[in-house]
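Each of the two complexes below includes chain A, the first together with chain B, the second together with chain C.
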Partner chain A sequence: MKVPRVGIIGIGQSEFKARRPDANYPELVREAVTIAMKDCKRELDEIEAVVYSLAPDALLGIGNAERLGVDAVGARNKRFMRINTGGSTGISSLAAAHSHIAAGACDLVLVAGADKVGECGDSQTILNKIWDPVYERPLPLGTITMLAMSAVRYMHKYGMTEEDMAAIVVKNRAHAALNPKAHLRTPTTIEEVMHSRMISWPIKLFDSCPQSSGGCAMVLASEQYIKDNKLDAVWITGVAHCTESYFIGDRMGNGYIADHADSQAMGEACQRAYKMAGVIDPTKQIDVAELYSPFSNTEFHAIEGAGLAKLGQAPGMLKDGHFKLGGPTPVNPSGGVLCTNAIAVTAMVRVAETALQVWGRAGGHQVKGAKRGIASGNGGDHQFFGAMVVEA
Partner chain B sequence: MELMTRTENWNITYRHALGETASYFYAQIRDKQQIYGRRDAKSGRVLVPPRAFSDETLEPTKEWVPVGPEGTIECFTIVYEAFNNLPDPPYAFGYVLLKGADTAIGGYFKGIDLKDGAKAAKQLAVGTPVITRFAKERVGDALDFWFELQG
Partner chain C sequence: MAINRQVGVIGQAVYAPRNAAQASLEEGLYAVTHAALKNAGLTIEDIDGIVVAGHDQMDGRAITIMMASGSVGGVTRDILATPSGAEHAFVLGALRVRSGMYKTQLVVSWSPLETENINDVQRLANDPYYHRQLPLDDLASHALQANVLEHSIPKLRDAVIELTRQMRQNGVKAYPHYSPAPTEKVWIEGGKMLRYPLTQGMVSPAAFGAVALVLAGDEWLNEHKDHSTAFVHGMGWATETAYLGDRDLSQLTSLKAATQQAYVEAGITKPQFDLAEVADATAYQALMSLEGLGLCDRKNWVDAVFKGDFDHQGSMPVNLSGGASSFNPIFCSGLMRIAEAANQVRGCAGAHQKSNVKKSVAHGASGFAMQYNTVVVFGKQPREALK
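Our next item is the complex of A and B:
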């Protein structure tokens, strides 16, 4: 069966900052929507459906905040649904929008959301609550400690060092300095990262993403609509998800299927997306990658999951300059999640940035000649993974 | 112009049912200082903490298997940052593969000097043997036990 092509015609990102005291939550969503609608030169009246990108309610402090969002996205009398797969929410929302169009149900779909993580004060208090109250809640688990333990296993398995982790931060901060939308834009050095305060060994302050506030919106359209209206577009040619089971302790011990060191289910999601897009060798066919990675160490297993390096080889290739702007396969030229994390839309920004790259519209952080890219999103306790291939 | 804010606080109490499997698990820890897993008949793997069904074979588990008290460290972290509503730092915790188990269970690591992170991390390296210790006063909770280095 030939899948109808779905295009991206509009992209809107607000600037991402720690706080946005000038805009409340629906106003921030509205800001991103306005930019995206202007970008594709469409009116909100034309939008047939809205997929609303909203991660755990407590990060925002508003229960089911999609209710407030309805007005911000102009969804009255339209199809509307909220998607939440934790950190991967943004890419899951895009997958739902893609399905609306690929199924022939709609021609024009808006995906939008925002987050104000900076207002919650302490996201790890909330993220501790994603653990099962029966066995694991009494432990001080959070996303930082969970991924620090992944770092420990990756170090044990492949010999990654704290300096290798710092090199990811240096690369991504240098990229973010070129991206006016990014939250952390100050370049740094290995020494500065190594001297930043220890949070959860081996993750230090500079190895960690910020708590960002900001919004993102994208407009997707059918190929027919794009042709009829003579619009410019880039194309989603591969879309896939894959899921890991819940218990972290099952990703170690004896006879496990996936190692908590690696990102096996994310790799499966990417392979499914590549298959749909006809990508056989991502090392040769992928020009740019925007991979969800909230901590420096997780970018290594994300690179490997995306098939851009063999298991355990990403740190060495990073040292050789493989993943920086100007290298063979730039990873996170926007600065990535490490420099900007407004959780509800973070995985949408990965796709938006990939789209801008293959469109040739990424500005100062443009990857020269990029025609095909991969974007990914991670959610849950390293559990829900989405991937998209975007092409010019 | 002056930009204003409002402060809100969520404070909600839940009383979660543990179910039959976890209730038995915690009663054995409280009354007998013994950790149990459940064997998945199809794969033969012993799941710790015990699950009523296997997430791998999707079959109900049928047999209780005593595990530990010896084990080996599978992963760890040492937290130096204070987070609201979480313990005062520093503290170390992680996952341990208990003797007779096939999956790892989470718990604190105690009795280790955590002042120097790099030094403590070496002591907690993956594969390090540990022993389970039980609290004198046990209430039937995941904090009734923790791990210490063997020897």
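Our next item is the complex of A and C:
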């Protein structure tokens, strides 16, 4: 069955910093919305529906905090719903907006959200509460320890070293230095990463994403609306999700369902998105990738999940410069999650940055000639994976 | 832009354990999913995508979709969550089928009793600076709404008590095993004053429940023309602002907007249904729902209630299931209304089935004083415009 085309016509990213005391939560959402509306030269009154991107309420300390964002996104008396799939919320929200338009219910949909992770106190204490209260919550599990175990497994299977992880950080910080929206923009070195404070072996402070505060908004439109209004757009040609098991214990030991070293479900999500977009060989057909990788080690299996390298080969290809700006397939030219992570919108920023790249509007971190890109988002305990192919 | 694909409800189930304290949420979700799939004649392998709705704070989890995913068959599947409201999960599930990307969807929502104090959980939804200090929970917001209506409509309280009695009588017939609230006028109007003017007898206590629906699109529906199906003729959803001080609580402009969306899509100019399932955290809200749906203006509320218009033999039966006035799993109550309206059209409503139902309307509401409003119109036949 043919799915109608859906275009991206506006993008807005706020300033991302550790703290944004200059803007309360609704104001932070509004900041991104204002930029996105200006970008597409539309008025809020024209928006028919809003999909609100908000991950755990606990990070904001407000239950159903999306309710407080209704006026900030101009949704009063309009279609409005919130999506939450954890870290993948941003890309899941875009997928929901895509459904609004592809179903024929709306022509113009706003997707918006914000987070104040840097102001939440301690995100890892909050994120421990994502696990089952009886079986896994009593363990010292956070998203860092969870993915440190993944790093150890990846090291065991594929021979990754701590220096390989540091090389990801060096690459992404160099990219972020070119991106004025990124939170961490100071270039670094292998030595600096290696000497940074150990958080959970082998993940060190510099291997970890920051706790960012900021917002993102995007405006999606139907093909007919874009044609009728003679608008410039890039197109979502592939969209998919896939899910792993909830219990970390199901990804380890002799009876594991999915190997914790690999992004099995992310690979499936990407393959589904590629199939929809008609991409057969991503190594040849994908020009740029913005892959959700909050820790340096996870970028390797994200690259492999996206089909840009075979299992275990991403570290070697990184050494050859394959994934840096100027390389054959730049990965995270924006600096990625490793340099900016306002959880509610992080996966939306991946799509926004991919869209800017294929639009030729990425500025200092533009990948030359990029026409087709892949974006991904991870949520839960490395459980929910979303993928989106965006084309010029 | 025109909607160009059919979507129908082909399966449904409700989980309501007799002993909620002994029931595990995960097992409940598995049970309700299994039962809905069985009702649809499908297995989980036939499901392309899933949309769930849970409430993190009520569930005691930071991202509650994580817990639910395995129980509802989400592993290896495409699953999303709409924590803004259970009824939003239905809307998104239907949109996903209509997009042509999915043949089927499973929609699941639940409302547990796992927290120490649901009222405190609800108070967390207030902004931390201006309203958090107030004793403002869902019931308090409903009471403010009731107050403003009582102030402007003479004899409304008597009508509300009578409407509550009628809906409770429906509940006794529909689900006698989980409709514990009083059915006699004296007990409904009496009892402890919970939030003025709402007495303990006027509202139903929070209950543990889960509900699941199975949706299918053109391809499946064309291959299973004999399957009992409730076709979605129209959907609308809209929101009020969050701040109660910015609202006239006696009005629901977002419900009017949602109704208009649904009726335009369904091709309805003059609403006529065989029955309605509407939001009724209080019976005041049920009346507001009926007005918002264009079924009864407030100037006629009192007369219509006492004439029995909304009773099971009336001209517009309301909440034959008993509604939330009888059984109130708070967070998934809106999806329960949608499921009940679909079930009546499918002819699967059991003890409270009305005969010869061809068209029904459902209204779900969530948030303080009905912030979110969703309207769904069901028909026994496919949408005329798409036949």
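Throughout what follows, the second predicted complex is superposed on the first by the 389 of 392 C-alpha atoms of A that agree within 3 Å, B and C clash if a C-alpha of one lies under 4 Å from a C-alpha of the other, contacts with A are read in each partner's own complex, and residues count from 1 in each chain.
What we mean here is this: a contact is a pair of C-beta atoms (placed from the backbone, for glycine too) under 8 Å apart; a residue touches a chain by one contact, two chains touch by 3 or more.
If you're wondering where the values come from, they're calculated on a predicted model, not measured in any experiment.
Return first, second, both or neither, reflecting whether A:Glu191 touches chain B, chain C, both chains, or no partner chain.
After superposing on A, A:Glu191 lies clear of both chain B and chain C.
Does chain B (first) or chain C (second) touch A:His156, or do both, or does neither?
first
Touch test for A:Pro133: chain B only (first), chain C only (second), both, or neither?
both
Let me test your reading of the model: by the given contact rule, A:Asp320 touches which partner, first (chain B), second (chain C), both or neither?
Neither chain B nor chain C is touched by A:Asp320.
Looking at A:Glu66, would you say it contacts chain B, chain C, both, or neither? Reply first, second, both or neither.
second
Applying the touch criterion given at the start, work out whether A:His241 contacts chain B, chain C, both or neither, answering first, second, both or neither.
Touch partner of A:His241: chain C, not chain B.
So in the superposed three-chain picture, is A:Gly379 touching just chain B, just chain C, both, or none of them (first/second/both/neither)?
A:Gly379 contacts chain C only, not chain B.
Of the two partner chains, chain B (first) and chain C (second), which one does A:Ala58 touch, if any: first, second, both, or neither?
Touch partners of A:Ala58: chain B and chain C.
Mind telling me which of the two, chain B or chain C, contacts the most residues of chain A?
Counting residues of chain A touched by each partner, the higher count goes to C.
Check whether A:Asp107 is in contact with chain B, with chain C, with both or with neither, and answer first, second, both or neither.
second
Can you list the residues of chain A that meet both chain B and chain C?
In chain A, positions 58, 61, 133, 245-247, 257 sit in both the chain B and chain C interfaces.
In the complex of these two chains, what residues of chain C are touching chain A?
Touch residues, chain C against chain A: 1-5, 49, 55-57, 60-63, 65-67, 69-70, 74-85, 88, 91-92, 94-101, 121-122, 124-128, 219, 235-242, 246, 253-254, 257, 261, 367-368, 371-372.
Could you pull out which chain A residues touch chain C in their complex?
1-4, 52, 55-58, 61-68, 70-71, 75-86, 92, 95-96, 98-107, 126-127, 129-130, 132-133, 222, 224-225, 239-247, 257, 265, 268, 272, 276, 379-381, 383-384
Can you list the chain B residues touching chain A in their complex?
3, 5, 8, 10, 14, 16, 18-19, 22, 43, 45, 47-49, 51, 55-56, 74-81, 83-87, 91, 93-95, 97, 101-108, 117, 120-121, 125-127, 141-143
Taking the touch rule as given, give the residues of chain A at its contact with chain B in the complex, in rising order.
Its residues touching chain B are 21-22, 58, 61, 121-122, 124-125, 128, 133-142, 145, 148-150, 152-153, 156, 197-203, 245-250, 252-257, 260.
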